[in-house]
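See structure below.
In this document, chain identifiers A, B, C, D, E and F correspond to the written order of the chains, with residue numbering beginning at 1 in each.
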Amino acid sequence: MPFIKIDGLEIEVDEDGFIQEPDKWSPEVAAALAKSEDVPELTEAHWKVVNYLRDYYQQFGIAPMIRKLCKDTGFPLKEIYELFPSGPAKGACKIAGLPKPTGCV
Amino acid sequence: MADSETPLLDELEEGPWPSFVKEMKRAAEKNEAAKDLLRQLERSYVDKVGHWKHGGIVGVKGYGGGVIGRYSDLPEEFPAVAEFHTMRVNMPSGWFYNTKKLRELCDVWDKHGSGLTNMHGATGDIILLGTSTDHLQPCFDDLAEIGFDLGGSGSDMRTPSCCVGPGRCEWACIDTLELLYDLTMTYQDQLHRPMFPYKSKMKISGCPNDCVAAVPRSDIAIVGTWRDKIRIDPVEVANYANDGLDIVQEVVMLCPTRCMTWDGKTKTLTIEDAECNRCMHCINLMPKALRPGVERGATILVGGKAPIVHGALLSWVIVPFMKIEPPYTELKELLDKIWEWWDENGKMRERLGELINRLGMRNFLKAVGLPAVPQMVKAPRANPYYFWDPEEVK
Amino acid sequence: MATRTDFGPPYFRDMLPPVIQKNYGQWKYHERIKPGLLVHVAESGDRLWTVRVGSPRLVSTDWIREVCDIADQFCDGHLRFTSRHNVEFLVSDEAKVEPLIAYLQEHGYPVGGTGHAITNPVHTQGWIHCHTPATDASGIVKAVMDELYEYFVDWKLPAYCRVSLACCLNMCGAVHCSDVAILGIHRKPPVINHDVVRAKCEIPNVIAACPTGAIRPDPKTKSLIVNEEKCMYCGNCYTMCPGMPLADPVGDGVSIWVGGKVSSARTPPKFSRLVIPYLPNNPPRWPETTAAVKNIIETWAKHARKHERMGEWIDRIGWERFFTLAGIEFKPQLIDDFTLAPETYRSTPTFKW
Amino acid sequence: MATRTDFGPPYFRDMLPPVIQKNYGQWKYHERIKPGLLVHVAESGDRLWTVRVGSPRLVSTDWIREVCDIADQFCDGHLRFTSRHNVEFLVSDEAKVEPLIAYLQEHGYPVGGTGHAITNPVHTQGWIHCHTPATDASGIVKAVMDELYEYFVDWKLPAYCRVSLACCLNMCGAVHCSDVAILGIHRKPPVINHDVVRAKCEIPNVIAACPTGAIRPDPKTKSLIVNEEKCMYCGNCYTMCPGMPLADPVGDGVSIWVGGKVSSARTPPKFSRLVIPYLPNNPPRWPETTAAVKNIIETWAKHARKHERMGEWIDRIGWERFFTLAGIEFKPQLIDDFTLAPETYRSTPTFKW
Amino acid sequence: MADSETPLLDELEEGPWPSFVKEMKRAAEKNEAAKDLLRQLERSYVDKVGHWKHGGIVGVKGYGGGVIGRYSDLPEEFPAVAEFHTMRVNMPSGWFYNTKKLRELCDVWDKHGSGLTNMHGATGDIILLGTSTDHLQPCFDDLAEIGFDLGGSGSDMRTPSCCVGPGRCEWACIDTLELLYDLTMTYQDQLHRPMFPYKSKMKISGCPNDCVAAVPRSDIAIVGTWRDKIRIDPVEVANYANDGLDIVQEVVMLCPTRCMTWDGKTKTLTIEDAECNRCMHCINLMPKALRPGVERGATILVGGKAPIVHGALLSWVIVPFMKIEPPYTELKELLDKIWEWWDENGKMRERLGELINRLGMRNFLKAVGLPAVPQMVKAPRANPYYFWDPEEVK
Amino acid sequence: MPFIKIDGLEIEVDEDGFIQEPDKWSPEVAAALAKSEDVPELTEAHWKVVNYLRDYYQQFGIAPMIRKLCKDTGFPLKEIYELFPSGPAKGACKIAGLPKPTGCV
């Protein structure tokens, strides 16, 4: 299994770079993951999305549907892609430490 | 042969039908990934199970789909396919190519991938089979260079497809090729950036023969048809009869509405046009003599899909007839309304047809503003469980 | 350097041969000259010959280049693929038609697949690239088509016959409306890996994914429980959650479905229906499967009337009679018990023995 | 004095006329001599004439006695009723047949209902005795049969035509397989009386009774809540609970269904299908309903082929065409949205205008 | 007429069809309850709603059903129908009567009830319409005296019924009348003492014409049929043709299996027996010439019902052919197993057909020990969601 | 509304003799109701059935299905009718003070 390193800590990620132990997520981990997703810096806007995703996941045990994400954060999908070039699933969810979205590809 | 690494697959090089094993070996000669793919497949033939890990989510910048991530579950044994993602490349309308474009494509793929492809995937894309994560973006960039964009995957509009239509078929009642291109371009966002509850497929056939299987295989099927009457060339009809076509047995008796009569003496075929349901059968058998009418358009059907989750569905008529002419405004307005309603109401992984079943056709029709007409149903309801708008009940 | 996005596929008009450019939408009629050869005649009198050849679909770039060579030689560099993965060489010069066909036949390209023939089976990834297969795709298709070859290159059938294959219940091969469908199936419930479920799965989505409601949360393990009595191995939970694999060398295999169709010619589209619930995975040539498919097609070919598709023939003679004629044993699995089941039960004392 | 129980109905053999006793199970063939008159011929050569007359079903003991008088006079005291509530006089003496018919006609008994005729509508209680009706039964039947009288006493139809009526969705008239069915319907959700619900209803059973899951418990009132958007007024909750009445002079009325059949002759049994979702309750003669029924029957009679039942005719011409020919407007309610709905949607671009 | 109390109902005395209003008035002349019934009905005609209270549960000793309790919701206005219960009286097989029995019945009813009846109810019983609670037991006792017992109501086996069968019909393939009597007597307990999840109906027709509507209207339908071939009298066939029957159009073309051929020259009808599905159509048209075969028995179908709760169902073939001969052991064993399974598994108010749908036909067949055969289905399943016994999967 | 009188107390019953206010039920009420159902005396066997019905109703809010009643009390249906000549629904449930069984008649 590959790892990412943050402050000497090694965090296991899968081949796609999703962290394997959700408990180990931290803002620092997010920052580290961000780099792999072409997000050089996590701005306030990024955090809004990331926090929303985490809250939602905490509450419902699933990631929100995209439409909901856009509605609730106020970012149109276009902007989400500007923030996270690899998109909400591969980009934002990964940075937010959510499980890898499955299902329909 | 005794020392072949792939004795089971080798057997599939025999026989008259062209062999995919030969193709794999051909690619394997130049490419390690292709070689390991062959070896891993042999292993599956022995084990009788697949050897790919679950899932995989990789992609290129600005796109939410178009690449299917895949990792071997035996990466030590088959290191060259440890990462083996496929790219879905949007094909041109009607799968028409010139050799120049195809060669360019081959060059890009030899540079970045396994050299193996599917021409085409079941949805219609060019499937570039197998590359590694770090080749994805460069491969995309090179594809962009030669004018190939990605198709759909994930919860988006999937790459739509269409039959050969006016390109080569005399029965095309709509310009399937141009419509497909126009819709594909109009809905690039929906194609590349998943935002729906689940996948949404669209297929366009030029006539009810449905050569692209739109009715069973797409959430939104656009099928050409006509509203006036079949055009008959009586001389050619007689010719067919003279050439040995048994018009009574093969045509008249198989006409589903039995709206034809054949006068054997005068060799005259008559169609009671109002009763014809435009099934194409008679036209199919006598293309020189019979032709679709001239008032042309399409029937729109929705809801088709495979069995996941609630069972397979064929798509259902929601617009019996719509004129289909550029800029396709009426059609696009309808598509927008359909997706809007589905996106607003659909649960995660609920296809359009399943949502219609859950919320009721009446709610769907109301939401997209379509009137109820008998053409929508095979038969009216047999159960007495129906609703009234409180307004209607004084 | 910002990547260019959303530019779309190549414009098809740039790909069309001149004869199509000129006669676009102006075709008048066509004739089927012989298996694999069509001619389309335009209002202008122009003619376009099409030579169709079967392809293994899973092809190398070298194969594509080879086909391009042929198209350059005979078709001024123009060709297309069909909705069933065949290649069509588009010839505008009558003089080149027969030489092309001769060349193709000589080089092992099956010329055919038009008219009352079996054409290329639509199929899927199988063990080549997918993570959910219950069987392989390309291997079975190759084995079956070797067996059915004569029906591809010749006109020996009463009507169209579409064979398709999908390697799992997702049915990417869209086999649900094929004259004969080969479908990979699992027969064992998922084996749950609770650690994986806990760490990687969106539990509510997994529960919702089960068509029969067989999955419920297990508060104790914070994972899931599958009611195995309700599980019919669709694999949908596995799609949603890597912790629930169900592939198994003994459980997995193939089922056979018949009588579907897509076109509305004569009769509306029909679903294919289960006639053999299980045949073993027996690579590399799946002899049980190829024999079953061949038997069904030949039984139909023998008994059907001209222009009568598989499903139309069965509708006429009745399913009871299909089983007798095809010599297939009727199994309890064939009786529907999913949501629309009552529509398939017989509500009349009239039937055949 | 312990009551005797479980002794069962009178033994039928004690009721049979001698000619039947003798020829029981030995009938050879029959002929339909004229409307209302059958003759059955036994292997022995014996003959049994049957004269059928319509009855209002809701009859007084005096009427029964009157009918007995007739049977005594012409049938040696033997008669039977049919599965559709007609009376059949069983005559073994040919000489008495015509006098019987003459007598019956003179006294206002409709002789007929055999063969290609409309026979007695199976129907129900309505306002006479039931607690859940959305309309009356006997009244509509009388009004309709006055209008269809000629089709009872004469052979003017292409085939059998069974008209039935049920006054609510319970369908005691088993209208679900009738050529023409008249069905009482409600159109307003139940009006809940919470006190009654609390005191008198088995709440879990009421909830389970709702086909659409529109009812849920209300912990606050310890009663129930109906989601009116999901309620389609079936009245099943009221059956279970007196606190949920839905009868309403404005909401209630009649719907019309066509194309059902019971016998398996030619085609299997078919369900009747909704063609007019609502007509008002307009006693005493329900003119809208009688007109609708008559129109449908006469449209069928005009266009159907011989021996073609309503549903068979419609299957041949298509439902689209039925609506045009009968001049009935297609309403959104006719599109199914219950559990088997997808089976009724059209999955083909082939249809008529 | 101006001062009639029932102006609306009076209109229904007019017209050629016999009038139930006349009957009510006739009864009203002798009986107060009948009179108030008439008045209350008039009130309903004005109000457009019924005037009976919900429910009512009354009965006679030792029985759990057979009486339908009913109370007026306007007892002050119509006191004579304040209590107005109906008794369901089990009719004789085939609704055969002699006048003596009928007169006795009338006398009992005039003594205890309104003098109004339904001959018969939709299930088949004699419906004695309207009496008061304190008359129930005496009325029952008097009925018992003349040999009439109660029928079913509530969650029990309902009064079964059958067609006229061998009593008067040449096509009866089973002895419907005797079988009905035997089953009624065997299952008196099930008939009189409700113990099932819901009602269970049984109807018996002598042939596929189904003159008692067994298929759509009963949970358990027993329909006579034969297994060998139609018997043809060629001379009589020719007679029909000579008498003007258009054998091609009216018979051959309407045969659902198209298994007949007619030779117009020799006037010979041939049936390809193996393909005949025994629909009765040709026999119906030529009773003198064609007759059911001689190897007779019945098809058993189960699950028919009206729409409450989950929609109407037709019953479904579960035994294609069973010999039906006294003492009917095989049939009764099957009935016992069916009821046992339903009673054990059914939810409250779940009819047999609904239970089969919920638990699956396969479970039902296994429980009652019947093999799966193609005759049970119109078509095999179209969805891939099927089960395997773990035993079968090595 | 009709009444039954027990020890001077008037308890409302409906036309069918079912008590209208479930709270007012008592063993004495049961005894009074028994008389109307041809049960001269409530024996132990009667009480077994009555108590079972009441317990079941308390727990589930519905009357048990007959099969369950027989199984759980151990009385075959025959005996139930011997105990309560008007049967479990009209007889036993009434005496037990349950709501009037509705539905299928």
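Assume a contact is a pair of C-beta atoms (placed from the backbone, for glycine too) under 8 Å apart; a residue touches a chain by one contact, two chains touch by 3 or more.
These numbers were taken from a predicted model, which means no experiment stands behind them.
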| item | value |
| --- | --- |
| Which of C-E and A-C has more C-beta pairs touching across its chains | C-E |
| Mean-CA-position distance for subunit F and subunit D (Å) | 38 |
| Between subunit B and subunit A, distance of the C-alpha-averaged centres to the nearest whole Å | 33 |
| Length of the line joining the C-alpha centres of subunit A and subunit F, rounded to whole Å | 63 |
| Subunit B residues counted as touching two or more neighbouring chains | 53-56, 60-63, 68, 189, 208, 215, 256, 279, 307, 311-312, 314, 348-349, 382-385 |
| For subunit D, residues that touch 2 or more chains besides their own | 169, 171, 176, 205, 209, 211, 234, 239, 242, 264, 269, 271, 338-340, 342-343, 346-350 |
| Per-residue overlap in subunit A, given as positions that touch at least 2 other chains | 62, 100, 102-103 |
| Which chain pairs touch, all of them | A-B, A-C, B-C, B-D, B-E, C-D, C-E, D-E, D-F, E-F |
| Residue ranges of subunit E touching subunit D (in the complex, touch as defined) | 8-9, 11-12, 14-24, 26-27, 34, 37, 41, 44-45, 47-56, 60-63, 68, 70, 84, 86, 90-103, 105-106, 109-110, 115-120, 122, 124, 129-130, 137, 140-141, 144, 147-149, 161, 163-164, 166-170, 172, 175, 177, 181, 184-185, 188-189, 192, 208-213, 215-217, 249-250, 254-256, 279-281, 284-285, 287-288, 291, 306-312, 314, 347-349 |
| Footprint of subunit D on subunit C - complex, ascending | 264, 268-269, 339-340, 342-343, 346-350 |
| Residue ranges of subunit E touching subunit C (in the complex, touch as defined) | 208, 215, 223, 225, 227, 256-257, 274-279, 299, 301, 303-304, 313-317, 320, 353, 357, 360-362, 365-366, 372-388, 390, 392-394 |
| Footprint of subunit E on subunit D - complex, ascending | 3-12, 14-16, 20, 24-25, 27-31, 40, 48, 50, 54-65, 67-69, 71-72, 77-83, 85, 87, 90, 108-110, 122-124, 126-133, 136, 138-139, 142-143, 145-146, 149, 152, 169-174, 176-177, 205, 208-209, 211, 234, 236, 238-239, 242, 245, 247-249, 252, 260, 262-267, 269, 271, 281, 283-285, 306-307, 338-340 |
| Interface residues, subunit E side, partner subunit F - complex | 53-65, 68-69, 71, 83, 133, 153-155, 189, 193-199, 343-344, 348-349 |
